[in-house]
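Report on the following structure.
Chain naming follows the written order as A, B, C, D and E, and within any one chain the residues start at number 1.
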Amino acid sequence: MAILEVKNLKAYYDEVQILWGVNFKVEKGSLTTILGPNGAGKTTTLKAIMGLLDKVEGEIIFEGENIKNLPPYKRVERGLVLVPEGRMIFPELTVLENLEIGAYTSKARKFAKKNLEHVFELFPRLKERIHQKAGTLSGGEQQMLAIGRGIMACPKLLILDEPSLGLAPKLVLSIFEIIKKLKEEGITLLLVEQNVHLALNIADYGYILENGKIVDEGDAKKLENDPKVLEAYLGI
Amino acid sequence: MENILQVKNLSKKFGGLIALNNVSFEVKKQEILGIIGPNGAGKSTLFKCITSIYKPSSGKVYFEGKDITYLPTYKKVKLGMAITHQIVKPLKELSVLENVMVGACYGKANLSLKEAKEKALEILDFLGLYDKKDLEAGKLNVPQKKRLEMARALAGKPDLIFLDEVLAGLNPAEVSKMLEVILKIREKGITILMIEHLMHAIMKISDRIIVLDHGQKIAEGTPKEIAKNEKVIEAYLGDPKFALKLVKH
Amino acid sequence: MSIYIDTLINGILIGLIYSLAAMGLALIWGVLKVINLSHGAFITLGMFFAYLVFKYFHIPPYISVFLALIVGFILGFISYFIALHRIVSKAKSFKEYELSSLLSTFSLSLIITGILLFIFATTPMAINLPLSLFQTKLLASIFSIIFTVALGLFLYKTYLGKAIRAVSQNIDAAKLMGINTTLVLAISFALGIALAMGAGNLIAMVFPFSSLSGASYELKSFIICVIGGLGNPIGTIIGGILLGLLENFFGLFFNQGFVPFIEFTILILLLLFKPKGLFGGSK
Amino acid sequence: MKKYIALSLSLSLILTGCFNKKEESKTQSPQISKTEKASSKDYIVIGYTESKTGKLATESREQSQGLKLWAEDVNKNGGIYVKALGKKLKVKLISYDDESSKDRVQQLYTRLITEDKADFLISPYSSGLTASAAVVSEQYGKILIATGAASDKIFKKGYELVYQIYTPASRYLKDAIDLLKEKYPNVKKIAIVYENSNFAKSVANAAKKYAKDNGFKIVIFESYEPGTSDFTTLINKIKKSGAQAIIGGGHFTDGEALAKQINDSKLPLKMVAILVAPAIDKFKEIGDAALYVSGPSQWEPKVNYSPKTVSGTFFGISSKEFVKKYEEKYHEKPSYHAAGGYTAGLVLQKAIEDAASLDTQKVKQALDNMDIYTLFGHIRFEKAPYHGRQEGHKMVIVEWQKNPSLEKEIVYPKEAATNNYIPYDKKFKK
Amino acid sequence: MKKGLFSLLISTFIILYFLFLPIVKSSPILREASFTTLMYIGLAISLNILMGFTGYVSFGHVVFFGIGGYTTFTLLYYYNFPLILALLIAGILSALIAGLLGFVVLNLRGAYFAIATIGINEAVKALVNNLDFLGGAEGLFFNMKIYKAYGGPQNALWLSFYLIGLVTLIALIVSYFIKHSKFGLGLFSIREDEDAASTLGVNTKLFKTLTFMLSAFFPAIIGGIFFFKNGSIDPQSAFSLTKSVEMIFMVMLGGLGTILGPVLGAVTYDKIKEALLVSETFKNLHLTISGIILLLIVLFVPEGIVGFLRKKIKPLKNILD
């Protein structure tokens, strides 16, 4: 069963159209990935799903209900959670406060304590820096915090936007290990990545987005060997 | 061939973070030099330090043999540098024509308003934006905005032009069109320094490529040399071995 | 010697009263990035509120302050949706947002001041309690500390408070955390106005006032915000005390007439060299 | 470019020309219309501006209320008898809001003169606004009765037609110093603290000079900014200086705060004489802090000016009657601003009656020769060098005393006194 | 027609209308009313040069009005300078002060710049308040004798009126030429994006400072004329923050950065205010009503009258400026 289904999604910045009818699904319990070159509209797609754009057309069906007209906070309350590109942590809040804010919705607050333990289990580094201001963390730690904050929200679907962006290869590896772990724990994930090999390696299913349209989709294994992927992503 | 630009041991620190670490390279006249590297590698910072948008922490920049490290940006532009932005910065409420006229008026060309208008129209024609000349710049779409950035930079009759991801967000057809433009610009005797993610494009067009990672230059050479470089594959393309490790884990 | 101690004590007390006045401005500036030019008008409104409640119900200001906070909160909440909500959601750029919000809050101040002038003209008012001036100052200062502590606890210990801080740092990220940012912004503005009215309410018991009294507190509040930064209530307290001490000691040694000149010169210099406050990093 | 400017220039000339033609008949030469009007005149139009908004609103309103009461009184009696016209003319007041700002004062006074055809003018409240208005009234040859304006400087300007009702600032605190010298020959050290505003500064400067000339030592001479509400530092300074008397102040709010804080300091002072605040009734709201605070006043409800109490010609109602009428109409005690407003009207009325005409020059003559007593006291104007400055009117010194409840008594000059002066520090001696 | 010329034409016409109407009718009441209107137009045009062309919003611009007023007044009062010379000196001095201040303050952006300009105004006001040489809080008063040199007060008032008309007209023409010059193009690029402008070769700092100086020049002369005409000056009326905000209001009302905007804005504002002040129903609440009008403009027509007309009436789009 699909937890999220996006149908004919069109989105605009001011009057410029960015998405031209995007269709995709995320199955419950799966890890789905959306790949594509810079400027293909990946982040725009995610913003549209989260309700951060003014002008959006089409259907966004989450757990069987069209949520297109809900304000962002209501979407989060329903369990749709995005770990945004560039991490967007709250630099002046401490690590702990960032995590607490992650559990802002009333439902998440109930599980805050349990989730906090879980986050510290996943990222022991964060526990060491619990009272440090988030702005003083290194890039990798900030990414961990951003993901941790997402987990705090009790997500039914956790969306990760470019989690490896700007990270050293070693850190990229550990971030992907965490993602894999989350998947094994049964969290449904939607991953947007530049790093094709890594993404397809851990994903179940993938979509290729180019110029605001889905140009290809399929099993992750199949896509990895698909010349179309290389063309879209590397332009080879 | 003669150097137009020389960068020596350029470093930039933001607080404790080292964004650029001792980067040195040279650019020859009329060459196309590509700069690649993963996001956050320091490519844009490098551009910004060379053009004085950021003040470098240490190091020197020479333009046509002169030390210009600490000249303010506008003076560098007047000397013959032209800059485009990764995140396009159109002067939103001015018309496309006026945008380009700013470049012509205040670049190296230093034209009068009337001359600038002629020059701007010529360049808009060259870049295929002529029919949009009276539109407010903010209303252009992304590829058009990118071309506007180029047009503004060119209008000042520069000797050296910095292109920061001008191909990003363009579709393959647009990319090849833009590549043609870039080559034509070079034919005019202009040196080009470009940051780019699109591998096939930069491979095709560059004379030489520099690879940055974590603020350091990790490789320099012809496109062919770069494509084979292990370090580059690991840092930039994503190491296939890593992926394998994950699966076996 | 005792003169210096007197001056020190008075400087601190006056400083605390100034920070009381500045708290609301700092909160709104910090969270909404709006320099609330109606701040002074709301302080004045608080003063008249205290006056009327005292006159007709004989409730002294140190009690009616709680009423003033409630009324201020309601007025602030309404004002947000009248004067700011449209700007927050429609502004195309931060620049436009800044300018429009300055003007819209200024028009709020015109509206309020106009009504106050219509009713009370500039008749001087005072609330005369059976307390000495020192006692009323002390009382107001205590409230200043209570407000600071309460505001600090609220901002740092409650979910809503943390949400307010989160919104002030990154509004898009806050939306992604499931925070109803419109509500949080409205609450922040309302809180700021509530604090302004509360401050006015308390100041009215210390000093006489008229329909135009708020303006000078507004200007002092700017200076305090620039000294103390916008980060947290402690900065405001310190900023206020520094200003109070400066005024008092400067006045002791030099001609008092020059105090405002010194204050505004400091404001400009701080803006130029330490725009994030004395204790913030450099620019 | 030049072409366009020339074009628009000529265009606008033509257009203004067109408008002009249509209304030409209205703008006849002034002499003709004057005589025409004179025969058909039903009203004497008196124009003034009131600060309905802005920082002067309260005082200005009181002044205007006094003036309105006068107009009502006059009209009840059928108006002012103008002999030249052989009939009584009613008075018509026209006023606009000047917002307590100079911006529009001249515009509004010009409007009063040229459009509303005011025959005479009353000043706005405050010296600053009066000075602006006077430039206009003077050039149109209109008489301006200045009330609520105590500045001396206005009268240095060489005006011919401006007449001041108030005792000028230079004499404001003179009586207080005289009183001090008379009663306490040992007191030598005076502190003068004043609001850094137009009015208070001129009073303080004059007081400083007068006190020095009378052998006092000014140990503190310092200003504070308008809007100051905390005087602790100043009082500490005074404490240090060993001053035996404080004189100063500015407007009501700061004066009230100053009085309160001097009271808190328990300084052994012989006199605390403050401008404005003690003269206003609200001052008693500060309770015991008001006790034995004194101050100069232009006029007091308690003064007893009536045909019986003065030696010269008395004109108009007695001060007692005025207080009664004012209280009936406005349900508050009249302040000296209100009495000043009423008196401005009276003075004008008297001058018109004496001149037996509405002609400016004749009325001016009458004003120049005027030497009368009114509910406000003595009124006489200087001839030169400060033409029009008030020289007849005397201030009174009031002091808040307890008998048994807090009450304002007149303590100086003797002729007007209702009680004896009590030194300020008596309140601290049990 | 060349872009903007139409607007210049209308603006010139409006100014000349207010200038010539009282002259032709030799009506003092019209002259007084027009004086205020022309003064507001001049102030709005000057502020627009800074605020409209570079995007820097000065909340304390009245400081230059006051500086000009005091300079003129002092030169006439103490040294008997001829008026025109005194006015020119006032303009130049004010521009120089603006140059010095601008050099540092223009590094601040947005609201911080706004606050700093308020600070400057208040600091100068506080300083003048304490300078006995300038009359301190009491201010200075002319003797009527000073007017004698200009043919008595009546003629002096007419002279002030001609001068204000002339200055306003010059300010208009200067602002037009700036807007349509290379310099102006540079300014507009600063307004749109200061960083982008400097990467296109615009010496942003110099341009901003020069503009600040220019926008301080005219208010100083206007201030000089205004206080000459009033015959007295004091810090409260010379450095009134309210007037500062009124200036912003007029520019916003008319249309930021346009040629016609400040003129229309000033006239509209002045006429609305005049009507409110003398209206029986509204005169007591005119402050509140202006507040409501300002709020409605900011919320619903932030582009001002000119912007609104351009948007709603297609044929005007390209000729109105």
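The rule we apply is simple: a contact is a pair of C-beta atoms (placed from the backbone, for glycine too) under 8 Å apart; a residue touches a chain by one contact, two chains touch by 3 or more.
What you see is a predicted model, and the numbers here were worked out from it, not measured in a lab.
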{"item": "Graph separation of chain B and chain D (steps between touching chains)", "value": "2"}
{"item": "Chains most often in contact, by C-beta pairs", "value": "D-E"}
{"item": "Far-end chain from chain C, centres as C-alpha averages", "value": "B"}
{"item": "Separation of mean Cα positions, chain E and chain D [Å, integer]", "value": "34"}
{"item": "Distance from the mean Cα position of chain E to that of chain A, given in whole angstrom", "value": "53"}
{"item": "Euclidean distance of C-alpha centroids - chain C vs chain D, Å", "value": "37"}
{"item": "Mean-CA-position distance for chain C and chain A (Å)", "value": "41"}
{"item": "Sites on chain A at which at least two other chains make contact", "value": "none"}
{"item": "Two or more partner chains touched - positions in chain D", "value": "52-53, 196, 223, 225"}
{"item": "Interface hub residues of chain E, defined as touching at least two other chains", "value": "126, 129-130, 284, 286-287"}
{"item": "Residue numbers on chain B that touch chain E, as the complex places them", "value": "51, 53, 72-75, 77-78, 83, 85, 89-94, 98, 101-103, 105-108, 112-113, 116, 152, 156"}
{"item": "Contact footprint of chain D on chain C as seen in their complex", "value": "3, 6-7, 10, 14, 114, 117, 121-124, 126, 128, 130, 132-134, 206-213, 215-216, 247-248, 251-252, 255-257, 259-260"}
{"item": "Sites on chain E touched by chain C in the complex", "value": "55, 57, 59, 104-105, 107-108, 110-112, 114-116, 118-120, 122-123, 125-127, 129-130, 245, 248-249, 252, 284-292, 294-295, 298-299, 302"}
{"item": "Chain E to chain D touching residues, read off their complex", "value": "5, 8-9, 12-13, 16-17, 19-21, 23-29, 31-33, 35-36, 126, 129-130, 136-139, 141-145, 152-154, 157, 173, 229-232, 234, 236-237, 240, 242-243, 277-278, 283-284, 286-287"}
{"item": "In the complex with chain C, residue positions of chain D that touch it", "value": "52-58, 61, 196, 222-225, 227-230, 232-234, 236-237, 239-240, 251-253, 256-257, 260-261, 264, 282, 285-287"}
